[in-house]
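Which chain is which? They are A, B, C and D, in the order written, and residues in each are numbered from 1.
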Amino acid sequence: MTDLRVHIGSLVLDNPVLTASGTFGYGSEFADFFDLDRLGGIVTKTVTLEPRPGNPPPRICETPAGMLNSIGLPNVGVEQFKLEKWPFLSSLHTAVIVNVAGRSSQEFADVVAALEAVKGIAAYELNYSCPNVKEGGLSFSSDARVAAEVTARVRAVTRRPLITKLTPNVTSIGEIGRACADAGADALSAINTLVGMAVDIRTRKPRLSTVTGGLSGPAIRPVALARVYELVRRVSIPVIGIGGIATAEDALEFIIAGAAAVQIGTAGFVHPDAALRVVEGLEDFCRREGLANLAQLRGSLQL
Amino acid sequence: MTDLRVHIGSLVLDNPVLTASGTFGYGSEFADFFDLDRLGGIVTKTVTLEPRPGNPPPRICETPAGMLNSIGLPNVGVEQFKLEKWPFLSSLHTAVIVNVAGRSSQEFADVVAALEAVKGIAAYELNYSCPNVKEGGLSFSSDARVAAEVTARVRAVTRRPLITKLTPNVTSIGEIGRACADAGADALSAINTLVGMAVDIRTRKPRLSTVTGGLSGPAIRPVALARVYELVRRVSIPVIGIGGIATAEDALEFIIAGAAAVQIGTAGFVHPDAALRVVEGLEDFCRREGLANLAQLRGSLQL
Amino acid sequence: MSKSVLQLPVIERAEAARQVVRLTLQAPEWARAARAGHFINLLVPGRRDLLWRRPFSVHRADRSRGTIDLLVARMGRGSESLAECAPGDHLDAIGLLGNCFPFDPGLHEIIMVAGGIGIAPFDLLLQDVQGFSCKKSLFYGARSAGDLCRSTLWAESGAEVHLTTEDGSTGSRGLVQDELRRYLGSSANHAGRVIYGCGPTPMLAALREMALALGIKGYVTVENRMACGFGACVGCAVELAEARRDGQKYLLACKDGPVFPIEEILFHD
Amino acid sequence: MSKSVLQLPVIERAEAARQVVRLTLQAPEWARAARAGHFINLLVPGRRDLLWRRPFSVHRADRSRGTIDLLVARMGRGSESLAECAPGDHLDAIGLLGNCFPFDPGLHEIIMVAGGIGIAPFDLLLQDVQGFSCKKSLFYGARSAGDLCRSTLWAESGAEVHLTTEDGSTGSRGLVQDELRRYLGSSANHAGRVIYGCGPTPMLAALREMALALGIKGYVTVENRMACGFGACVGCAVELAEARRDGQKYLLACKDGPVFPIEEILFHD
């Protein structure tokens, strides 16, 4: 069988398929549907320093081959996370990556510092790209200097693998990714959602309480792939591809373009076992193609 | 019947439905399918100073609720345009807006200058956002100073209504739109395509000869609407909404969000009379709602 | 019961009312486990352009046949297609989802209030409470006589049925909440009564007001937009009437609901 | 003839070969006007998730019945669904599109070369040239005997048919271009011969080489991806072997083609 293992900094994943932050809860919501240990890893919903209630409804709406969300990062806060959510996560054998966010670079570092004593966290993913949080969100992600500053601040408090998650809503994701790599990120993940909007023409109200929100799902896959390809050419650290991936074929596009791993988000809402199907589909593909390992595939784009 | 007329600078359109540049040829391709004079207007395929052959195949590929293109602005050049394409266009009673591009602000101005003597051109639309042209394209659109400079240069050579068409592939479309408005644009149109990419996993080749291309179609509608809404709040000139509009309902989302008019692109490939259906759908809607004119609808978003 | 994804054969299809179809699906385990309030989330066949599944309440369960019934009202793209499903088709479903109407055997009267397609969970509720001696009152309103989904269970369960239609073509003319208001107004003692509501938001808001004013305990089901149905997307937020001490302001319709104590939540359009 | 969008009733459906279905559509005007090479662009019913239409050549035209036939090979998502269409269904079609094979009555022999589903336009071509006395040779290759779409027109039109299969189950074993090469090699005089080709790119490339080497005139149809089919998207570019003097490097498969003089264009994968 093909060796599907992937290195993200010092972390070794059994396979390149992760679940995307905010779309897989803290794992337990999916435990009924399949064996979570078949995954390369789980990325948790974003954890912040203080508890957050999230945005008022309506928070979601369906769009062509996609959806808008404006969830607003509801979570119980890092201390309760450790008490309520970690016990289940720590019972898993798959890698658990904790996604964190803060309103300032200091707060990012504080959340991570608060998690350092927790045994078994495989890596951190920094979410400074979520477009629907008013306090800060947008500014961290859209300026290379600020983006690098956050990565550097967090780098200073942890030796665990550090993944910086990038927003596509910028002129040059390559520049921002490069700055974060230089500031000490072990890997980059991309993309977070695209800023989008929809209107109910009957009521003339925006379909989301926050007017604009984040677009995800198959609709954004071509955008995600272009951004991942741009990053792959700009940095030498691993890039994790995210955006509209629903099948092994989709994942293969990213891996061939150079992604080290992928994350499955929206697809899991519709098919709870979507991520497992991607793992199995990759296994099948590699077997059929007679590949010894994923490195033979990664970045094999024929130009 | 509702008065659907719309003002774009000194230009008065019979209704707010235009066809998008590069998706409607020079009009004649659609003449078999419906009476073009029912449209608010036609925007021509981009015209450049010299003839251009366009990009090598493959130039297009289908994506979820969308498509990628990398056509590369093939056109016969402005002089042949006047000889070959204008006679048919000038026979129409609908407004004909000529879309132009150049490799420098000087070249933009040169193309427009070459068209000034042509009688009957209703307006110009400046395409500096097409992401798949290597020489220049991207740079005009992603920097507010450069964007404004092009608008100003063209403004200096024409008194005809001037529409600047913006790319969504930037951190702040509002800033760039604002700069173009200040530099003399009479209206803004948005959005051009999103940069995207797709890979054929069988051949491991990019699906477009240019690797990346422009994403259009229903998939991008929420992104387009968010950008249009951002522009509407930043400028006081009319904003023309473009992106994934296929039905009157789609068009109404943009108008309610504040767009003065809309353009129909990709939808016309599948349903050649899509733009006409939008006109008729708007008429029906306004009749049902008992609206006297479009102004009662425009920007009526309930917050 | 653990959640799962099943392919359910369609066994029967019948027109239940104007624009409402009843589908009978083979699903033995769910037929056994389902209680009123539970729902399943269906992939819409032939509409691969719709990203999300569509949620439907379990309307009835025939435990001996191993089938469940759904009532599908034609509301839009997905429900139109589902309403066209026929015996022989299979539906891809996630279930069982959500919580159910709580029921206290000591109650004197359960008052079910249904607006339009909100009737769906109440057949199953009547099944659930069969064998309990409390009075069962059903208040059910629709636009017109042809829109009412009548049920043999009404008679079988001995329920007292109060029909209303907006056009007066059957029962009292008007809205179901007005009929209920008259009914409740005729007695001063509401001890041992509980209201169960399912229907459009204005109806639920009216029920809430009545229940709070008269001090009657009540439960309602909400029908928020759902991307997943099982707690993963956190999109189906329902606003709490009072934020919790830990700052929590919202519950999830799919996981904490769809049934909520009526005083606990606020209704949004 | 001006282009239009029509709703075409499906009249008949038959399995034409393994994985190939023949659909007969009611379309009187197009039946009259269609010539070999013309195609129509179909919306795929039940697959609203596919943005584009799917192009299919007119395979036959029955002018008296007012019908056209298509051969639909199951290649992917859209063609699979189209192959399931049955009498009673309607197909939303744009037509007639494209140009057609040019035909010169003074020719001595027309040599049709079809690879796989590339057979589609040649029934209509045989219909078009019926009544002309030239020799009609058809070279037709497929993977295996079961993949061949046989036609009554072969005998009716007096065509000399050369079948090849990759597995040798019918006709010569090998590729159709190799069979053609042998045939052409047996005579030195190619005057009055023309080659018409339709099939996979490697076959077209081989035909081009042969035609140029032997000085035989040839025409091929190409099957580029198409977003519109009527010249609007400029996406279906075909590369010219030599750029024109005005700098033009490409033609459009849907508008300038799908039939092109074989020497004029280059083939891309």
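One rule holds for everything that comes next: a contact is a pair of C-beta atoms (placed from the backbone, for glycine too) under 8 Å apart; a residue touches a chain by one contact, two chains touch by 3 or more.
Keep in mind the model is a prediction, meaning the values are calculated, not measured.
Give me the fewest steps it takes to get from chain A to chain D if each step has to go to a chain it touches.
The least step count works out to 2.
So which chain is the furthest away from chain B, centre to centre on CA atoms?
So the chain farthest away from chain B turns out to be C.
With respect to inter-chain C-beta contacts, which pair, C-D or A-C, contains the greater number?
A-C
Once you find the CA centre of chain A and the CA centre of chain B, what distance in Å lies between them?
34
Counting only Cα atoms for the centres, state how far chain C is from chain D in Å.
56
Measuring from the mean C-alpha position of chain B to the mean C-alpha position of chain C, what distance in angstrom results?
47
As a quick test, compute the distance in whole Å between the mean CA positions of chain A and chain C.
From the centre of chain A to the centre of chain C is 36 Å.
Touching two or more other chains, which residues of chain C qualify?
Answer for chain C, listing residues that touch two or more other chains: 49.
Quick check: what residues of chain B touch more than one other chain, meaning two or more?
63-66, 203, 217-218
If every chain is a node and every touching pair an edge, decide which shape results: line, ring, star, complete or other.
ring
Kindly provide every pair of chains that touch.
Final set of chain pairs in contact is A-B, A-C, B-D, C-D.
Which residues, counting only chain A, touch chain C once they are in their complex?
Spelled out, the residues of chain A in touch with chain C are 22-25, 29-30, 32-33, 45, 51-67, 69, 71, 74, 76, 80, 203, 217-218, 266, 268-273.
Given the complex with chain A, which residues does chain B contribute to the contact?
For this pair, the touching residues of chain B are 63-66, 68, 142, 169-172, 194-199, 201, 203-206, 211-212, 215, 217-223, 225-227, 229, 244, 249, 252-253, 256-257, 300-303.
Hey, which residues of chain D end up touching chain B in the complex?
Spelled out, the residues of chain D in touch with chain B are 2-5, 43, 49-53, 94, 224-225, 227-228, 230-239, 243, 246-250, 268-269.
So in the complex, the part of chain D that touches chain C is made up of which residues?
Per the stated touch rule, the residues are 46-49.
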